[in-house]
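You will see two complexes here that share subunit A, one where it goes with subunit B and one where it goes with subunit C.
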Partner chain A sequence: MKLTKTLLATSALTVASGMAFADAHMANEMTIVSWGGAYSNSQQKAYNEPYAEKTGVKIINDESSADAVAKLRAMSEAGNVSWDVVDVTAADSFRLCDEGLAMEINFDEMLAKGDDGSSATDDFGGTLINDCFIPQIVFSTTFGYRTDMVGDTPPTSVCSIFDTEAYPGKRALEKRPIGNMEWALLCDGVEKEAIYDLLETPEGQQQALDKLATIKDDVIWWNAGADTPQLLADGEVVIGSTYNGRLFSVIEEQDQPVAMMWDGQMFDIDGWIIPAGLTDERKARALDYIMFATDTQRLADQAKYISYGPARASSAPLVGKHADLGIDMAQHMPTDPANATNVFNFNYEFWADYRDDIDAKFQAWLVQ
Partner chain B sequence: MAALTPISRTKPVFYLSVVAAFGALAGLFVGTAQGSGPLGIVIGAIAMAAVAFVLTTVISNERVGRLGLMLLMAIAGWMFGGIPGIVVGLAFGWFFAWLSYWLYEGRYRAKVPPYLTGGQVLWHYTFRVICGAIFIFLITPILVVMPLSFNAENFFTFTPEMLRFDPAGYSLKHYRDFFSNQDWQNAVRNSIRIAPAATLLSVGFGTLAAIGLSQPHMPFRRVIMAILISPMIVPLIISAAGMYFFYSRIGLQGTYLGVVLAHAALGIPFVIITVTATLVGFDNSLTRAAANMGASPVRTFFKVQMPLILPGVISGGLFAFITSFDEVVVVLFVGSAGQKTLPWQMFTGLREQISPTILAVATLLVGISICLLTTLEFLRRRSERLRGMSPS
Partner chain C sequence: MSDVNDATTAKTAPTPDDGLKIADGPVLAADGTPLKKSLSRALRVQKLRALALVAPLLIFVLVTFIAPIADMLFRSVENEIVSETLPRTTDLLADWDAESGTPPGAPVFKALFKDIFEAQEAKLHTRLGSRLNYELTGVSSLFRKSGRKVEDMAEVYQDQFEKLDRFWKKGENWNTLMGSDAWNADMAGWDPKSDDKQPKFELRDGIDVFLPATSESFANYAKFTQVEDEDNLAKKDPWALVYSSLYDDLQRAEPVTFAGLKVAGAAELSEAASAVADFETVNFAEAFTKIDKDWQDVEVWRTIQAYSPRYTNGYFLNAIDMQKGADGPEMRPENQQIYLTLFWRTMVMSIVITVSCILLGYPVAWLLANLPARTANLLMILVLLPFWTSLLVRTSAWKVMLQHQGVVNETLVWLGIVATDDRLALINNQTGTIIAMTHILLPFMILPLYSVMATVPQTYLRAAKSLGATNWTAFWRVYFPQSVPGIGAGSILVFILSIGYYITPEIVGGTSGTFISNRIAYHISSSLNWGLGAALGAILLAAVLLLYYAYDKIVGIDNVKLGG
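Let's look at the complex of A and B:
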């Protein structure tokens, strides 16, 4: 009896002191890396501002997510990791995790429970794709078109991008093979399920490039997510691919004559990683931030500012209206049943394995 | 310039065909904008030749002819393209009326020497047109940015409202964004903190190095010079990557001091080059004379040498300042987000969201540069006048 009491008391003490220890030894400055633009804005409003208010920590924003892998490699080689939390795509997280540049996460311990009481692992479900990646949103790469340039028959199928007769004019595609190769094969009559198997072979890759070659002269290749919205607003392109949140902003916030085409949209996940090799103080701060920023309410809050779906199942019912426009956000989510009739599930693992190879081929094809 | 050559009226064949050629050029632009280039050329040539003929033979009063043509063209422009059409029409009307009379009266001859042949006169004006074209080519990208920065929309696009000069198409919201956005304000603060510090360091070190390297008894002068100049010659990205790894090891990466040192290293070559150039004309017997009269080397430097090489020091310092203020590659490597400078912020802004706030910033920077250069030029003239070097 006495023994139990002592044990309990000591463990309580240890826990209490441990917590005090953790609290006192969290860095009071942190660098959060993200993508910039409307997306960073939504994170500032939903996560960073409330977190800074709650804890008094000073948050420095860096907009370098596009170069996250290269920069983290250089930082770890130089032995000077200056980032605390980094927003990356699922495919990048595979590379960072494999190379040991990202910290492994114990999801049930380090992330908050869902507000319905489910464990973090259950709540995030299928979006947990490797040991380092803390999912945040589900987004899609899809197409927007100029409503005033497509005549009376707006495009309804992703294969319209290859139909230069029905929809003459330039189209905007990303200057990377990802997405384009899959769409090309899909529109070349390949079954959806067979596409990634085919893309593993050089013949399949060539087939995709050949299909893309039929519209090569009509394509403007984009690098940044903001390019297609600008090109659409200018009327430079009839139709173009970009992230669905950017199109939402063009259509609803900027009021441009543009409409969404959800057909063939490519689902992808974006989330956080914590770089490996942080000092204990900074690691404690980063984990505390992640615990806060990925709870059910915070993820649902982000959807008030941008049309990306929260990665937690328990957040979905909390998604409400847009913060300024007051429109219902649920119907603008890529995951909304009306939008998700023909979805392409992006295969991160395939791209983690084949990206360097296919990238090189694609770039060589581009300059031909 | 006063008239050099007596002038006389020219033959209709000459002036009509030249005006027709210009009309064809204008017609090409208008025609292309309206849908058919070749048709525009033909219509432009015929219409402008006819206009020149009417102006010179039917309307005898030049002032009436000029105003009449401007009015006529403005109305035609309005029918074609609304308010922007009026502006274009007025400009065209003024130009073609002036051109017709200028050629018809033979005024083009008045300001060139009388002994020039026709070909030489032609070249005289062609040369000016080429110079003007180069000037326009250089200045247009900067000018285009300015109206776009007042865009009411969040895109780099001339909206129909803007082209109609509708006030609703314009707004100051991008300027408001610049002044109220914390990111931009931090970037401005960082640039203002980094550039002057880097300039001071480069001017100090660069001037001393230049003086040392100009001494004939200095060993390995060429080698040392080459090493000091190398940041200017080595591709920036290589310097930047090297600095990144070096500064990381010694704990300077991501610090204010690190960025200042890196920018100083980039600025030093400019100071060395300009100061070395002014030192070529410096007479070393002056320092010996000062020493002979009992001045210490430091006093000699500040009282004798410095005033004479000051122009080189100042222009080198200006170059060093601009290098640091415009620099984006090195700061991306050596700095961390806490040292984000204005060019860095513009660079990420351009990549991640094409926001006209960048144009507003660019317009402000152009304005500041113009003010700075004007002030400098004014000061230079003033000092020349005080020293009696300029007659004015």
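Let's look at the complex of A and C:
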């Protein structure tokens, strides 16, 4: 009897609280998914804390971005999406958008104008790559080398990774074709503009793999962004690719004998998506958060904590000094003119199509 | 429980009751029912109670373990997405001959137009694109592009109808024309702001005789708007597709008369019917080719055709390095073959790991079983200690130990055993995986070995020796055979665990030391090709079951013991 009463009381409460939610325009709790580590930390400081202060909303952090695609699909199949905004790479956003797992965004309506008055579409410019992806930062995959292991001639060109005579020792490269194939062709004498056209053909793919084969025995293949900094710090590799923010922290924060090589850096974008199929209140909350977190000032604020460039053009002039180290951050941005003399613009559309096919070949090549 | 049953039903030996039974027929219980019946009822209650006791666990395992696994494995053959997204195209494509070397004719392109139009409204075309992209590279962007442009094709007709008569511009005119009178009345009476549900669209009686294609398209549009988008149909204008269907209906070979149609709009229909002859038309084959020349590529069509059936063996073929060729299954090109190598490597390395576990674990287990209890307990704690440490920590520790500038190499260099520029490659290869996994799985070998050895009396060894056996003979002929069940149990545990291992090979395996599970993980979490992941998993499961069966036949599973 008592149990029935308790049950009744609980369900009455649930109904009541449910109604309270329905009355409020937006949900007062939200789950934000990101990568963890220093990156999440920068978001926490630049976006989440100010937002929570402004709105009183309760923010739950989830560090699942690495598995976001698979988890979102599983949630959507189970009909219970528990995330409100998700930080993903541009390449993942393509899959999520294609699979109908991410909500389509009307950029000019749902995002804030630039503080110079430009429309969101103009302000984000080329970083808007599909209908679902809300860009946040521009990062790059680039190289760091041991200053004490390269002698008097530090490498200045991306092709140094293929020069085992001048720079003997192991190299660290990512264990996936993206990036490596482009660098291989570039260093095999292919014009930068012709690389993706060539990579569409089986011959071009083979040419890239053949070039990589010249250093296959000298490569340690990494899976996680933290691997290369560790390998460099341990002196296991002489040169290696990783995300520029990771190298920044090895060089500036940990003071290791490592230096940056910006040549041939591969521009990439990271940003938000909102999962498809949220209830109206949660969607309203998610959009409100996105509107706040991607405005000009907030994007510039994030650069105080991590060396990734803001995706908005209007944020660039506002980038200041590092919050703890007090160094001027602008020169550590991949987008800084001095660093961006020779860059690759990652071709998302190409990799969305060819990723599976080339990856199969790449992995088969690795196994051989 | 079956023993009890046998005892009550099978009557072989004479019992004292026999005399009674002969005299009075069946034995009766106190309440007058036959004893047999009453007993079995009592037993049934007991059985039910026993079942009720295990039911929570049984249901738990079924719901949380068996069902999801079965559902996941089912994906390895499921392929409904193609025929569901392109129903008309796949129907027509069944008759197309891929050998002809020419792409299919105009009717197929028209069907494709309708299918893609509806699919892009529901945002399903990109999904299908990524599904087919697993089979043929480039299909993904082909569908993405086509979905974006397909609306333009239909708008050619929409514009002409709207230019002909403003009547066609308005959604409400369409609703009166296509919807039944009863539904129109319901809609008029429905208040969108109220909690009432929107009246479900009903097609006008007999309209499908006059306008079959339009009726179908409009019904689909109405259903989609009301159900999927949950929009108010009265406030919407029909899809451009409806106009192209209307054009099809109106320019049919035999002229249609709309005299019998008593509805607002009949006049406009007649007007349009006479005008469509002069309409600008769309050649769908050309239009699609203009979007992307790949639509003229026979390979694209062959892939759609090959993957039309609701179930496919394509994933399994893929999982064993084969593909659906023009004439049946064939091997993939050499530079894409990977899975058979990985399966083979997984098996071989798991066996190596199992054997190293036996070699390292056997002496330890022997010590544990034969030392005084105090020392043995201390040793036991050392064996169990790794269990209290996170798997990732242990694996990462091996990284520090084994790398080029790592502890092992530094020590060897310091001792002068290896030269400093000739350090051992102990990590990022098979050696690394074998070392780290042997360490991690060792307790799973030692524990069953120990529990079996603890039951072997030490007196046997002494007896053998006192009868003249050498140390070796006593061990090999007397002790070892009794410890075999422990080796069996440990080997099965270690082998099955290592075959599915994934974190450790990923971290220390480099390229030559990774397992098939690493590819499964890639397909589940990164490429989203769950069908292929499921097929690989199913094969792995089958391989384990097969090995288990073989083990049972050769060694006998009764000879496996986890303890006394």
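The criterion applied here is as follows: the second predicted complex is superposed on the first by the 345 of 368 C-alpha atoms of A that agree within 3 Å, B and C clash if a C-alpha of one lies under 4 Å from a C-alpha of the other, contacts with A are read in each partner's own complex, and residues count from 1 in each chain.
Just so it is clear, a residue touches a chain if its C-beta (ideal position, glycine included) is under 8 Å from a C-beta of that chain, and two chains touch if they have at least 3 such contacts.
The model shown is predicted, which means the values in this text are computed figures rather than measured ones.
Participant: Sharing subunit A, do subunit B and subunit C clash or fit in the superposition?
Facilitator: Clash: subunit B and subunit C overlap once superposed on subunit A.
Participant: If you stack the two complexes on chain A, which partner ends up touching A:D163: first (subunit B), second (subunit C), both, or neither?
Facilitator: Neither partner.
Participant: Considering only the touch criterion stated at the top, classify A:D188 as touching first (subunit B), second (subunit C), both, or neither.
Facilitator: After superposition on chain A, A:D188 lies in contact with neither partner.
Participant: For A:C97, select first, second, both or neither according to whether it touches subunit B, subunit C, the two together, or no partner.
Facilitator: second
Participant: Between subunit B (first) and subunit C (second), which, if any, makes contact with A:A78: first, second, both or neither?
Facilitator: In the superposed model, A:A78 contacts subunit B only, not subunit C.
Participant: If you stack the two complexes on chain A, which partner ends up touching A:D234: first (subunit B), second (subunit C), both, or neither?
Facilitator: both
Participant: Applying the touch criterion given at the start, work out whether A:N61 contacts subunit B, subunit C, both or neither, answering first, second, both or neither.
Facilitator: In the superposed model, A:N61 contacts subunit B only, not subunit C.
Participant: Would you sort A:N223 into first (subunit B), second (subunit C), both or neither based on which partner it touches?
Facilitator: Touch status of A:N223: both partners.
Participant: Shared contact residues on subunit A for subunit B and subunit C?
Facilitator: On subunit A, the residues that contact subunit B in one structure and subunit C in the other are 66, 223, 234.
Participant: Could you pull out which subunit B residues touch subunit A in their complex?
Facilitator: Residues of subunit B touching subunit A: 153-157, 183, 244-245, 248-249, 251, 253-254, 336-338, 340, 348-349, 351-354.
Participant: Under the definition above, what is the set of subunit A residues touching subunit C in their complex?
Facilitator: 66-67, 69-70, 73, 95, 97-100, 170, 175, 206, 209, 220-221, 223, 234-236, 349, 352-357, 359-361, 363-367
Participant: Where on subunit A does subunit B make contact in their complex?
Facilitator: 31, 33, 35-38, 40, 60-64, 66, 74-75, 77-80, 82, 223-227, 229-230, 233-234, 254, 256
Participant: Can you list the subunit C residues touching subunit A in their complex?
Facilitator: 123-124, 126-127, 129-130, 133-134, 137-138, 140-141, 144, 335-338, 341-342, 403-405, 428, 506-507, 510-512, 519, 524-530
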